[in-house]
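Okay, handing you the structure first.
Labels run A, B and C following the written order; every chain starts at residue 1.
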Amino acid sequence: MTARAAEPSPAALADEAVREILRTQWAGEPAVRLDSPPGAGKTRVVEYLAVQALARLGERCMVVTQTNEQAFDVGRRLAQGFPNLPFALFIRKDLVAPEDVTALPNLQLARADGDLPAGPCVVIANAWKWSWVVDGHVAPFDCQVIDEAYQLPDYRFHQIAGLATRVVLVGDPGQIAPVVTCEIERWKCDPTGPHVACPRALIERHAGVRRLTLPVSRRLVSDTVDFIQPAFYPELPFTALSAQGERGLRVRVGGAMPVDAAIDLAARGASLVEVELPGLITGEVDEQLADTVVTLIVRLLQRRAEVYDGDTERPIEAGMIGVVCAHVSQVNAIRERLPLELADVLVETADRFQGLERPVMLVHHPLSGRADASVFHLDAGRLCVMASRHRVVCFLVSRAGIEDLLLRYAPSGDRVLGLDEDAEFNGWHAHLTVARRLRERERVVRLARMTA
Amino acid sequence: MAGELDLVARLLAYEGGRAVSIATHRLMAIRPDALVLCPLAMAGEDTTVHIVAVGAIGRPPEIYCVADPRVRDEQYELFAWLGARIERHFETCRRAGEYPQIWVSSGAVADHLDTLADRQRYNRENAAVKRFGELLSYQTERYPVDGQQALITATGALRMHWATGQQPGEDEHLGTLLAWIEPPRNTNILDAVALAERVPMGVKTDPEFDRDVLEPRVAAYNQARRGGARAVELRQRAGLIQQALEPVVRSIYDGTQRAIRILSRMGLPELPALRNLEERERDEFESFMASRDAGYHLPLVDKPRPAAFKLTAREDAADNFEAAVLCGDGVGRARARLAGHTVYGQVENPRRTRLSPHRFRYRFDLVSRQRVLRVRRRDELASLGDPRLRVTVANVHREGAVTRISAIITHGQQAVGLPASGTTLELAKTVPDWDRLIRTRKQLRQRLVATPWTHDEQGTAPAVTRARRPPRDPLAEVEALR
Amino acid sequence: MITARLARLRGSLLAEEPGARGLERVARNPGCQRLRALTMIGVTPATAMKTVYKEPDREGQSPFALAAGNRFERAVFENGAARLLELYRSAGRLTTAECKIVVVPELAPGATAATMARRRAETERLFQHKVRRDPRAPNIIVKARIPVALLGVPHDTEPDVLVAADSDAFYGPVEVKSYPDRAGKTNAADIRSACRQAAVAVIGLRHAVEQLRLGDPRQLVPAAADLVLRRPGSFRPTLRPMTLAGEVHSLERALDEAPRNLEELEALIDAITPGASLDEAEVLDAVPPNYVEACREHCALAPKCKQAAAACGDPVLIGSQAREELAAAGSLGRAVDLLRGRAQPRTAEERALQARLQQSLGEYRQAVGHGR
């Protein structure tokens, strides 16, 4: 009788997926699209590709980010992670770089085409900066690695695609689509339109482009994956790296305040918990909800909550907590309530939280307090980003009535001819899936009244 | 999404039973030589014009009506006639180094002109009609671009300056919009609006009117025509059709003229950036006409390269127009302040630090009490008072209702100088940059001279040229380099 | 019995066949009990406006639009639907050999109830052929007659076309509309309307599959349809396949909820006056509407509901966003009073709303430079 081979562990699966991606560069694949669920280590893959190109393939590698901040972050990670290798950060002439970045000895700052290294190198810049490279001023690159590729609209990719022989697009297909601020009526029906996220447009034009996926999320625990994957990634199956129970929340001090029930639920292993205030139409700014968010944060600290991850335990500090909202006004409402000692809590909009993570997250639910569900608030990408930033626990704070709102909802029906995608319905469906699952798994803690 | 200021404006309008002003400056140009163009289509016939009223601002219209726009030759005559007027207008503008401006009543008319232009500029049967379509394409291609001055809808122009007490969608009916702005005396505003709503102000007549009045006359005309009636009879029957349609189109024409009068007589100064917007319009028009002279055709479907140019231009226009209104219009500025698009506060702690014998760093704090702020660390902002002063945000600290922004001056240290303590300063991320598009286009031309295979719809991915044998564990090899 | 209950609610109003247009209306505005009530009892909003409220009918299509639509249909279907077949061939959906067409009205001409029953029967027969993979099964069926049940009452619908290649397991619906296809510039309301009517056809087909026990309805009839639109300025058709998951889902939900909605409606009306019916204006007035901006696009009652909204100062009068932002105040009048400081806030939410409104007012006044 032959023994059945053991199923590979999530870590092994993750590593093998990374090996496969790295091998594509040895094979000289002209283009690879790498789809990654949240927290799968996209940026780490970007680092690996860059380092392999430089140190193993002797190639010139250009790394493309979407923002300056992301460029700083990648530069930091490469320089600190590989202190014996040189890297270059290509930025605008008058841009002030953070001091910790400029202090890195193996990270050169290049501000003009002529400053870029000749020969094998890794150069990191945002897409805008790359689009200003003058032909002939810079030697062609062998490999172009685009981080957060689903945030890059195709017309911007068009401007830089010719700078390298091979391209790897690394991104999360479930996140917020590229923001384009103008009318796009003449391209709406075109699946390869200039406004379309470049990985999608590339596959439309060249269906044979190699598609790979990262099958494991390092960030999300399996409990969260159970919510996120069916709602937002039905075509992209993935699992959690951490084993059940390996990561979680502990509290040292008991509590009897209404919000404590949510903390206790989290301490029992729930990684997604909804904290529900009594129903009320509030519009964008909900003062009571903002109070509840702050109360929840304060209680976590008062109860000496800590997060454990394998063998390590850390008491929760302000810097380990993030709050994400749909609107700037909501962000401000929470910020103005945070006491001085909680200044390190990162409070931001979903757009700004893309690419970031915290052990503990609180979410101002995008549909909370609304009379109608609009396309903006139903956007699946927005809720996906909000509900996938946490490593340990996420508290979704909302007003009661979200499920009813979803069931009452009639799609506005703004369809685009000939395109299969119905983003509004997909978003509606994702929201309802999450809402129902939270209810079915008894993850909803109902507060009878305001807690502050 | 409209913000709180616009919500309050609508509340005030509702309360007062009349529209309230929401601009301190006129936000679009009114060219004295502009054409007012009011076409009416036949329902269900998307590329027709049954009757058209066209004229200069403040002047009575010329009217052209065809008995049945489905009769191709008659329709072409109307297009050729209208095209000749447009051509004359274009020539005059071109000679003067100006740009042609056309006013229509509402977005529905603009959309209809767009359909016409898209269709007729490919006309192979009639050169005059083709030319008409080509020229009209200037207006219709410019229309989706923010801040364009070529094709102005009366409803759009009024809505930039007035808030009504009705739904935004209802503002697209010129009649109801005018009722709010100049409510008739002794009539409840809602009654006045309900009455105004019944009068067609777009590009189509009422189904009831079509059923009871127009269709019988058109049918009678066609019957006579098919029956070989004499020219006199046909003219008479055509005259009946015009008799029915003319009051409708005149009413739309008069409404559009009235809108222009209201805008002209508002007594508001022009948005300072209007001269830049008009300059841009002149350049675009000249470029458009040069392309027509050179025989370039206007595609319906864009290939990737022209799409990149067009989208870039539209984004640039959107950014610039938004920045122009924020900088130049009082209500625009108030809106931005409430939404946190500008940072407004008092300067504290201005200081100069020596970095080296001849280098200094100029810093100050800006203390703001704005409820909503969008500023983050490393944001780059410019002073609205003097855009030469530019700063990078070093830190943002909020305590309760007060936000303290620490800023480092990056430009304007000498030209503008360190602001004094207690000064009120307002900073914004974007100020208009009217040369940016020229630079960007130049760069795009350079970057897009060759189409990469990724964007070549006919091409295939390049063959693998440099396959190498990978190591057994490429991941371990990279990890070993840490 | 359902028909008796509906007849009681209708009172003196005559039942109208809703057709696809009427049936899709039931899902347009799920929050509007008034629209739902009328659709359930088989009365169009236009009829209610005319007959119950005695207001002139401002709805209806222009005869020119009707004529254009008819001409386009004729062009698509003439010569054995040559243009339609060519369209599907160019799209690779049908081969040259797949040209079997059946026009159901030609199988049973006339307009009597017996004729309609015969058309339904013929349609069922054709479906059975298809499922049995009979090579004679047509590729194109024009004006099949398919009932869609609302509250268990079947209402016949006639999808413009049903299409299937020989290798397809079953038919898919095709909506033929004379709307101009302008790609990304196509009128959004036109697309919406066409997709919703196509969704009715999907549901009708699924019902048929279920009734005739032909197989798994969802597998045989996916939520998708083709839109055949018109190239602007010509009679050449264009083909636009559309997935309809959202439209089908919302319609299915509305149909499923109809029985509960009917009970609620009966209870509501009985509470006003036992035995009342919806042919009386006061009774119809008492059925709550949900007036929103989109109502004007599809519902003849919109002006009436707007009047009702005006009477109570519903914030939706100044836009959907206002209904949400001013929810704490509840009405425009109250919102204005808070804004002007004429009213004391009664709740924390009103206080916060007042503060925001007054701050905005302050900024506005400063900007325009005079006291308003």
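Note that in this section a contact is a pair of C-beta atoms (placed from the backbone, for glycine too) under 8 Å apart; a residue touches a chain by one contact, two chains touch by 3 or more.
Since the structure is predicted, the reported quantities are computational estimates derived from the model, not experimental observations.
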*Topology of the chain contact graph, where touching chains are joined (line, ring, star, complete, other)*: complete
*Most central chain, judged by mean C-alpha position against the global CA mean*: B
*If you tally contacting C-beta pairs, which pair wins, B-C or A-C?*
B-C
*subunit A and subunit B: spacing of chain centres that average the CA atoms, whole Å*: 34
*So, what's the distance in Å between the C-alpha centres of subunit C and subunit B?*
33
*Between subunit A and subunit C, what's the gap in Å when you average each chain's C-alpha atoms?*
38
_Shared interface positions of subunit A, touching two or more other chains_ = 184-187, 190
_If a residue has to touch 2 or more other chains to count, which residues of subunit B qualify?_
1, 301, 371
*Which subunit C residues touch at least two other chains?*
183, 185, 320, 325-326, 356
_Contact set on subunit B toward subunit A in their complex_ = 1, 144-146, 301-302, 304-305, 307-308, 310-312, 314-315, 317-319, 339-340, 371-374, 376, 378, 392, 397-401, 408, 410-411, 443-444, 446-457, 460-462, 464-471, 473-475, 477-478, 481-482
*Residue ranges of subunit B in contact with subunit C within the complex*: 1-2, 4-5, 7-15, 20-21, 24, 42-47, 111, 114-115, 118-119, 165-170, 190, 194, 198, 204-208, 210-211, 214-215, 218, 300-301, 330-331, 333-334, 337-338, 371
_Could you list, by residue number, the parts of subunit A that touch subunit B in their complex?_
15, 18-19, 22-23, 26-31, 48, 51-52, 55-57, 68-69, 81-82, 84-85, 94, 96, 98, 131-135, 153-155, 157-162, 165, 167, 180-187, 190, 192-195, 202, 205-206, 208-209, 328-329, 332, 335-336, 338, 340, 343, 352, 376
*If you look only at subunit A, which of its residues touch subunit C in the complex?*
184-190, 280-285, 287-288, 369-372, 407-418, 420, 422, 424-425, 428-429
*So in the complex, which bits of subunit C are touching subunit A?*
27-31, 181, 183-186, 188, 191-192, 195-196, 227, 229, 240-243, 245-247, 249-250, 253, 292, 294, 320, 323-328, 348-349, 352, 356
